[in-house]
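Two complexes, one shared chain (chain A), two partners (chain B, chain C).
Let's turn to the complex of A and B:
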């Protein structure tokens, strides 16, 4: 029997622990199917398995959200470049899966961004310092589940990265050497 | 008090009109004492404003009043109300003379216009608070006897009892939307309790026999405060359940946003579930951002191509510089020789002074050192000392010609000729 309440809980908290009971898991799957969504299994950094709500492969999330009357926020370059640097720093091996990747530091990411842009990229008001601008972008990425940050400046990729399909992830792997933070980037 | 020209409007019952009707009921002639059109009070307010701003100097004529009121009310409505105002004494002649055409407003009418707005929200509680405050001041001034004070306390208690019962009836029997207009009672309740407590404290100290009346008044005040709390609790309950934000006025929300701390502002939404922030990002967008914002690599300038136009040959240039140098030295030597085969340069060096003497010696020795120049220098071992001459010490030097060294491909006979001949 579908379990819409658990599905709503998953939607609000982004991830939920993998149910131990197969019947509970099946109920969640049915609820996700009924809602036009799919379940994504995510193995966190600590090895624990979680479930996350995703979109079927043939559905464009932005269009689906828009059709549902929700605002589909799209990322600006000021957010995309820091995400690229996080991907480069947290996933230095192009052969390994992007998620969960490895631990990096905020300093690594900001250094990679500064080196990548060579200070020539203007993405915000002129009075904003580069470091502050990148940190604000990291906070946005964290809020969107694309990044996990701890108080001591450690950075990991967030569970939303796991929602990317294989074909999309392959695109990124093909251009892995261009990511900021990857040794020999852009060569 | 009917008025023939009154533009009555058969609108639905209005709370304000109800309050006004109840207000004038004690002195009304019949049930329609209060006009149905809510706009009529605007005429009275316009008249009041006109006299307040322009009527201080001898009042206003009807025409002046109509002109001033026409800015805010319909002139026809003004005309229909003016005679009523005159007949009821709200507006009367400035001086009681038959020919007097100027009018002024009666202060009692002004008091009424100040009271009416309070009926919109306060339901008479403001009047009770004022009664308590005025009684406390009169008591402090020693202007009240015990009987007068007892009468006022009883008057206030009765009024309070009626207002409290009204509120409790609203809470228990009316839809919650009817309670919204009572939301401002909370502030009145606090003020009322403070006034009642202060008055009873002062009254009991002055007239101990009124302690019982005081207790009953305070008890009624507490009952009123309890009723107001019930109103607020029911409003909060309904507003929370329905997520209805109309309970507070927009200005109250603005004040809360500016002055409230984060925890208090978050409290109403503590049990509200939100979607987490969503940001639609695809790897394709990430790659596009990299390509768009990566600065171009620094350009390395290609080596400059050889200048084909000038055909510059540094070796040939060096050879030409050496040939020019040799020709210069030979020319200098020929000047010394003057066509002779040998010449003693000692006297010339002594006569040249410095630095000319040094130049002659250097050039001559350079000619000797160059094998391509057919000249030799012979240095004497003597030393000529001339303390008063231009050159104090000089070694005698002789310059002489030698046969030119044969050049490959050149006729040997020609090469054996003296240098001057060969140059010629």
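Let's turn to the complex of A and C:
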């Protein structure tokens, strides 16, 4: 049965708490199905389960846009490299499911980035210094739902990673050893 | 899914889902000609159905479309505080809209029916210089607005309204522009006319509610 308000709320908030009642959960699943969407279960920093609105397995935003020659939202290398480091630090085992991965710290990610670039890459204003140039990228990743940061510097993968399809996960597994933060990276 | 969608062949259903996915995910409006489901009126109705089931509507922008929240749904979300910007972010966004849209429109530099994103950029320095908002408030607010796609940076330190504003429905766009007029020139003729129109509308709504309750 359609429930446009609940689905709109889910989009606006990115995630909503998992309903306690199975009947409520089933109603949400049916509402998502009526809108051509599916529900994705994600995990918050505190371990609580949440729901996010996703696309059916055979519908992929990047393909839907690129197949029609439309502009997809693209990230700059200054954002993609920190994302790669977050994936490497939070999901160090290529055989394990990518999401939810494990907790890492902001320090782990910044150390991995500095080691990976050997301090030779300038991706932000010179006066940001140290890890400052990476922090802006981490903020962007958090805003995009790709990263979940707590106030004490702990990092985990964000809910949008849970929406990645099998193709993305397979590509990532194939190049996992190249991710910054992975033991023996780039070998 | 919807009855209209279920009645279509699988290939057409895929066309419709691809168009809805593109509308909801794209950085900005998508071209009508790029998607069969947007170009053909019957399929476009099925796109509308699917968006509607998620509380969204098809919004025409130039030669294409985007999707946005249905007006009633967005009012409900705002009432419950879902997806509402922080007060300081609203203040900074208002400044950007005043300087990039309201003033250029009143000067005739931007057509009245131009999309929000069709606006001359304003520099960050001008935002800081001409307001009582502290720079320590403006800088993080601009970062958050940029992250949310509500502003975009253009070359040489300029910024202007971002692609998310194209997702506003015509009614919502008109309401925001009226607010800008009331803010910029509260004693003006246009502001008077907006207030009169709102009073009339409000009285009509009260009368309608009373009739419905009788």
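Keep this in mind: the second predicted complex is superposed on the first by the 160 of 187 C-alpha atoms of A that agree within 3 Å, B and C clash if a C-alpha of one lies under 4 Å from a C-alpha of the other, contacts with A are read in each partner's own complex, and residues count from 1 in each chain.
Following the convention adopted for this analysis, contacts are C-beta pairs under 8 Å (C-beta built on N, C-alpha and C of every residue); 3 or more make two chains touch, one makes a residue touch a chain.
These numbers come from a predicted model, not from an experiment.
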item: Which of chain B and chain C A:79 touches, first, second, both or neither; value: first
item: Partner chain(s) touched by A:116 [first = chain B, second = chain C, both, neither]; value: first
item: Chain B versus chain C as contact partner of A:69, first or second or both or neither; value: second
item: Chain B versus chain C as contact partner of A:94, first or second or both or neither; value: neither
item: Partner chain(s) touched by A:12 [first = chain B, second = chain C, both, neither]; value: both
item: Chain B versus chain C as contact partner of A:35, first or second or both or neither; value: second
item: Footprint overlap on chain A, comparing chain B with chain C; value: 8, 11-13, 61, 65, 70, 72-73, 140, 143-144
item: Chain C contact footprint on chain A (complex, rising order); value: 2, 4-5, 7-9, 11-13, 31, 33-37, 53, 55-56, 58-61, 63-65, 67-73, 136, 139-140, 143-144
item: Residues of chain A touching chain B in the complex; value: 8, 11-14, 61-62, 65, 70, 72-75, 77, 79-81, 83-84, 87, 116-118, 120-121, 123, 140-141, 143-146, 160, 164, 168-169, 171-172, 175, 178-180, 186
item: Chain A contact footprint on chain B (complex, rising order); value: 273-295, 297
item: Chain C residues within the chain A interface of the complex; value: 1-2, 5, 14, 16-22, 24-28, 30-31, 34-35, 50-56, 69-70, 73-74, 76-77, 80, 82-83, 143-144, 147-148
